[in-house]
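Structures are listed in the sections that come next.
You will see chain A twice below: alongside chain B first, and alongside chain C after that.
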Partner chain A sequence: MAVTRVKPSAMARHEARLAKIYLIPAFLGLTFLTYLPLLSVFVLSLFKWTAIMPKPLYIGFNNYIRLFTKDMFFWTSMRVTIIYALLTVVGSVLYSLAVAMLLNRSIRGRGLFRAIFYVPYIIPAMAIYMIWGLLYNKDFGVINALLVQLGQPRAGFLIDSKYIIPSLALIAVWTSGNLIVIFLAGLGSVPRVYHEAAEIDGATFWKRFVHITLPFMSPIIFYNVLLSLIANMQVVVPSLIYAGSNRTTYPEYTFMSFLMYRTGFINNELSYASAISFVFFVLIGLFTLVLFKGSKNILFYESGGN
Partner chain B sequence: MGIQSRKKMERLADIFSFSAVVLLALLVLFPLWWMFRSSLMTNPEIGSLRFFPSRWLVQNYPEALEVFEYFKYLGNTMSILIPCVVFGTITAILCGYSFARLYFRGRAFVFGLCIASLLLPSIVTLIPLYVGWVRFLGLGSTYWPLILPYLTGGGAFNIFLVRQFIMTIPKELDEAAKIDGAGSLRILVQILLPSIIPAVIVVALFIFIGVWNDVLLQTVYISNSEQYTIALGLRRFNGSYGTDWKLAMASTVLSILPGVLVYLVGQKYFVEGIVMTGLKS
Partner chain C sequence: MKGIRNILALALAAVLLLSTLGLAAFANERVTITYSMWGDNEEVRVLQETIDKFEQEQDRIHVEIVQIDRADYVGTLNTRAVGNNLPDTGIMAEDAVLMWAEQGMLADVSNMYGEGEAKPLDSLAFTFDGKPVGYSVANEVLLLYYDRQAFVEAGVTPPPAKAEEAWDWDTFVDIAKQMTLDVNGNNAKSPDFDPNNIKRYGVMLCPDFWQLEVWSVSNGGAWYDAEGNVTIGEPAAMEALQRIADLYLVHHVAPQYGTNTATNVDQDLVNKSTAMYVNGQWSVGVWLGPAKNSDGLDYGVGVLPYMKDKVTLNTGGVNVAFATSKHPAEAMEWLKWYAREENAWGLIEGGIWMPVLSSYYTDEALTRKWVENPNFPPYDEYKTAVVDYAFNNAKPTSWYWVNNTNLFNDALSSILAPAWSGNTTVAEAITAHLDQLKAANQGN
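Coming up: the complex of A and B.
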């Protein structure tokens, strides 16, 4: 059979050209939806630009000076965002690891339970906050009905400063069923022989957890913590729903993303909102960096790196 | 500790973990039950501790449909969702294929940019993207700012997923076809695509979840109530209706139904997809 031989170089050139054609969507996305906007956030933050101004006016770092020294909301927003993110990350990782370990025992109906724990993840955010809005409601909510039954005073879980952040964090933990599935898959890959050997040597559950399970799971835990942190730092939806309508809202709802949204889209100060975005970007970058650095000593890989 | 007592301990631990799992599962399902039972009650009864409605008020649903224009909202949501899923999946396959199989100079660099963008919180670029779509391109109060981003592979993550999946397929398979003179698009469609169907479904499901879940972008880009999606329609209950809880809960039940159906059909792939994303990266 006669095969027409194409010169390798010509074939390679052809392949490279095709690749570039297929990758046009990715090029466009990376350029115009990712890196150029990232640059524009910083550039825009150096200007003054409100709804009534036709053209932006260059003002240097004034937006940042205003943000750090004059804005009464900024430091509060940073504080509540970090508290919320820490609570949700720790809460969801502990909760899902615990549930995954329980399910990892040979439990009857494991598939069904896994499906149940996963359900909250597929409920759209707006519906989730509607449902919890009712559960937490001061007059109609079940928790308050229970409190009254127990002779306790009613509590405003979504309107009382001391309850808002923990209440919102609990909702986030409830929706973290996807982590359970990931952890469960990870636990399945821990070789059983290690556990059996340790058991014969009389190691307690806690010892086995610390010396076998945790080291094997560390890359997965790290991955989940990182993703969960980046996602939860961006929290904005509960504020949009529970605090969106009134402008003088509780400081506990003024998460950084919400502050940015309110500044940009309600107060129409797009460039000042860009300054908030950029500070937020740097803050998350720092957190990610710290996580990566800190994880170097803890992470354990079965085959010595990969 | 003797074998006998250790066996006893094992059994005790089994009973304990099973009860704990059942208890936790009930707690997880409780909010959903509460939503459903409240959707069939009178407003005063909603505030009680009753677990079941004293009378099952099915008529709450037709009444809810009068204030919550479900079918209009569903239609609007679908006209965003379907193009996103279709175009996002197709472009993700094309890009993932290129990164996996086609060599060109600078490929590692472009792929690196792609992976790095995964760590970028999407909310950071919200303002400049808004300025771009609305002020420069004049696409305010249209669905385009919500749909067009999905024509770029539906996000770096999906591209990465497809690439990883194609890389697990032996290269000899498409080399052979190449020698037989098959073009790269034919190789992709006829040889690779059938073996990466699970990844394709996972990508489609993730795009579905992403759009289905979205509140922020829809809030930013949609202002006309004729264009409201399910999420935005639901949100009105917190304002204009002084929260009529029975109608709010009936509407919430209606609005989670399509997602639950998709979940039931694609459940196996959902779980597989989550596992894939958790372990392969």
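Coming up: the complex of A and C.
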């Protein structure tokens, strides 16, 4: 069957042209600030080059071979980054959703509580990690003092390979005030009528949460999971503060971003660091893809679209 | 309209012409060179005063400061190298000097000092291919600081200030046990001692990883031989590091190595969370002197305990001239002038830097000029524990002649993590990963 194309009106054509013009700045920005640098990172990763070498030397995929077969930090780095990101994402989404639901109720001093839970997000990271460092200190920290009072053995939260990642994840969860704000906005948009109707029918809190709140919130939860995953895969601050360069570094602090930074900017191997960052980029891309594919059937949009 | 344009164009051309002429005239008289440094605004202010003095003494060279954050220092220089925008001269991180020398980025400074001129100590020259590529701007050695009051209260002899009286390792561990207290006031030699509830440790070690090398050297071993080959797999080098791990694991006189993540030597001594602390001489100027003045900290300084040889390590940030400089002669003239003690006196007097010229170690008048000031411990103590110790017992840290020490230290530090917590021994950890350490030493 032949399809007759409807000729767009002059008005529509004019609008389309205008839209294209308006898109030029964004397109230029993306091209020159994102796609071309990405491409050049990949090209650079095929060379051997320190910034202070006179000329880059083409070595094909040798940087990648070295990374996957010889590098003593790479696999540890992958492992700790992924575990940290998963713990942090699950932890901060659950925590933020719970706090947001509490803050969404009509309680006295709601504004104050909202501010209090948001504050950790805006405190400078340096201060946060220094203070948690003191709390976590094995010998003189408050948490260990409490453990001893309870008759438990001391725990090296920041120096025992069992505890490092969960301890760091807890700090990240504590600072997830931005997710709370987004959840609060989402909760405000869940129509009251459904809740009221369900309440009249005698539905428990849990039932209303599962059948009303959760479906309405699913796109926002998805957005927060995505945001949190991408941000937390790129974790670097705890490594810089607790490990740093030329300090004693426990392997659990070798997050991908830190490995990239240390390789490129402390150890001068810019092209090798490019290979690391390209692999890292692909990894984050894969995680995002899985998240998008996997969430297709569980997202609910009120308008019925998908 | 056209008239205005013509006038504008003419004016622009005139400005361009004049500024070019002006620059040319200026360049004939005076050369501007740049000097990059890390440090806070206070250090920039002190340096600017020094530069003003330099410019008063001569009028051919003008020096401009390039201030770079310490944490990003080498990274920033890298970026500038890519942009072909390196400064003429600058201070350089110790662990990056040989890498830059290997790439031909540093000027050969072997002719900087003429025959018979007062030169820095030999141990302070960074060498590549047998040629000096830079001298440390300051000397620094590792020392044993202690809380004098704590030793008086415990009735225990404090660390000796003379190298010849240095404690052997067993004596040191024994003293550290006497100075380690649990929350009930029992020391680590008491049968009632509770290692799970320690109030004050006998000793803490600065977590700057490179400092650990001193113990291997003290035990008659080394991390590298004279040619820069890895020798850390030999028993003496590994045994020394196991002894460090055992301070925590066996004797309970120190926290697990690398743990004091949020504190510094002054805080730990002021808070009385340790009786002794191993760290570099700069601690006097950066932390201990200020803590003495503000918190009344009565600290003392002694020589390190020894295993086989009475030895400490020396190091110090390096002043280099970059090979890309268009004014190498002027660059070296500035560096040489700046290296003279009187021109960095603020830092020396404050206790942050030790002098580099040997006369300050051998001529008592000069030593007194340097040491007799309120930031320092008493003269007699500092003279033998620091001045004589640095002159007679110091060996250079390996980055004075070995490349890729940063890669090696990253690897070793990671490899040893399970040894500090007792999940493996130092010897097992190093032996199992010796190939990786050797690869790191080769830059891979």
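Keep this in mind: the second predicted complex is superposed on the first by the 265 of 306 C-alpha atoms of A that agree within 3 Å, B and C clash if a C-alpha of one lies under 4 Å from a C-alpha of the other, contacts with A are read in each partner's own complex, and residues count from 1 in each chain.
One rule holds in what follows: a contact is a pair of C-beta atoms (placed from the backbone, for glycine too) under 8 Å apart; a residue touches a chain by one contact, two chains touch by 3 or more.
These figures come from a predicted structure and were not determined experimentally.
Participant: Just from the overlay, do chain B and chain C fit on chain A, or is there a clash?
Facilitator: Here chain B and chain C cannot both sit on chain A without a clash.
Participant: For A:Leu150 in the superposed arrangement: first (chain B), second (chain C), both or neither?
Facilitator: Once the two structures are laid over each other on A, A:Leu150 reaches no partner at all.
Participant: Could you look at A:Phe140 and tell me whether it touches chain B, chain C, both or neither (first, second, both, neither)?
Facilitator: Touch partners of A:Phe140: chain B and chain C.
Participant: Is A:Val193 in contact with chain B, with chain C, with both, or with neither (first, second, both, neither)?
Facilitator: It touches nothing on chain B or chain C.
Participant: Report for A:Met130: first if it touches chain B alone, second if chain C alone, otherwise both or neither.
Facilitator: both
Participant: After lining up the shared chain so the two structures overlap, which partner does A:Gly202 touch, if you call chain B first and chain C second: first, second, both or neither?
Facilitator: Touch status of A:Gly202: first partner only.
Participant: Could you tell me if A:Ala10 is touching chain B, chain C, both of them or neither one (first, second, both, neither)?
Facilitator: The answer is neither, since A:Ala10 touches no partner chain.
Participant: Decide which partner touches more residues of chain A, taking chain B and chain C as the two options.
Facilitator: Counting contacted residues of chain A, the larger count belongs to B.
Participant: Touch test for A:Arg262: chain B only (first), chain C only (second), both, or neither?
Facilitator: second
Participant: Quick check on my understanding: which residues of chain A belong to both its chain B contact set and its chain C contact set?
Facilitator: Touching chain B in the first complex and chain C in the second, residues 130, 133-134, 137, 139-140, 240, 242, 244-245, 264-265, 270 of chain A appear in both lists.
Participant: Can you name the residues of chain A that touch chain C in the complex?
Facilitator: 50-54, 66, 70, 72-73, 76, 130, 133-134, 137-140, 148, 153-154, 156, 158-161, 240, 242, 244-251, 254, 262, 264-268, 270
Participant: Which of the residues in chain A end up touching chain B in this complex?
Facilitator: 3-4, 12, 15-16, 18-20, 22-23, 25-30, 32-38, 40-41, 44, 99, 102-103, 105-108, 113-120, 122-127, 130-135, 137, 139-142, 145-146, 149, 174, 177-178, 181-182, 185-186, 189, 202, 220, 223-224, 230, 233-234, 236-237, 240-242, 244-245, 257, 260-261, 264-265, 270, 273-274, 277-278, 280-281, 284, 288
Participant: Along chain C, where are the residues that touch chain A in the complex?
Facilitator: Residues 71-72, 74-75, 78-79, 81-82, 95-96, 99-100, 103-105, 196-198, 201, 207-210, 255-259, 261-262, 271, 273, 406-407, 409-411, 413-415, 417-418, 420-421, 423, 433, 436, 439, 444.
Participant: Touching residues of chain B toward chain A in the complex: what are they?
Facilitator: Result: residues 1, 13-14, 17-18, 20-21, 24-25, 28-29, 31-32, 34-35, 38, 43, 46-49, 91, 94-95, 97-99, 102-105, 107, 110, 113-114, 117, 119-132, 149, 151-153, 155-156, 159, 179, 181, 184, 209, 212-216, 219-220, 230-231, 234-235, 237-239, 243, 245, 248-249, 252, 255-256, 259-260, 262-263, 267, 270-271, 274-275, 277-279, 281 of chain B touch chain A.
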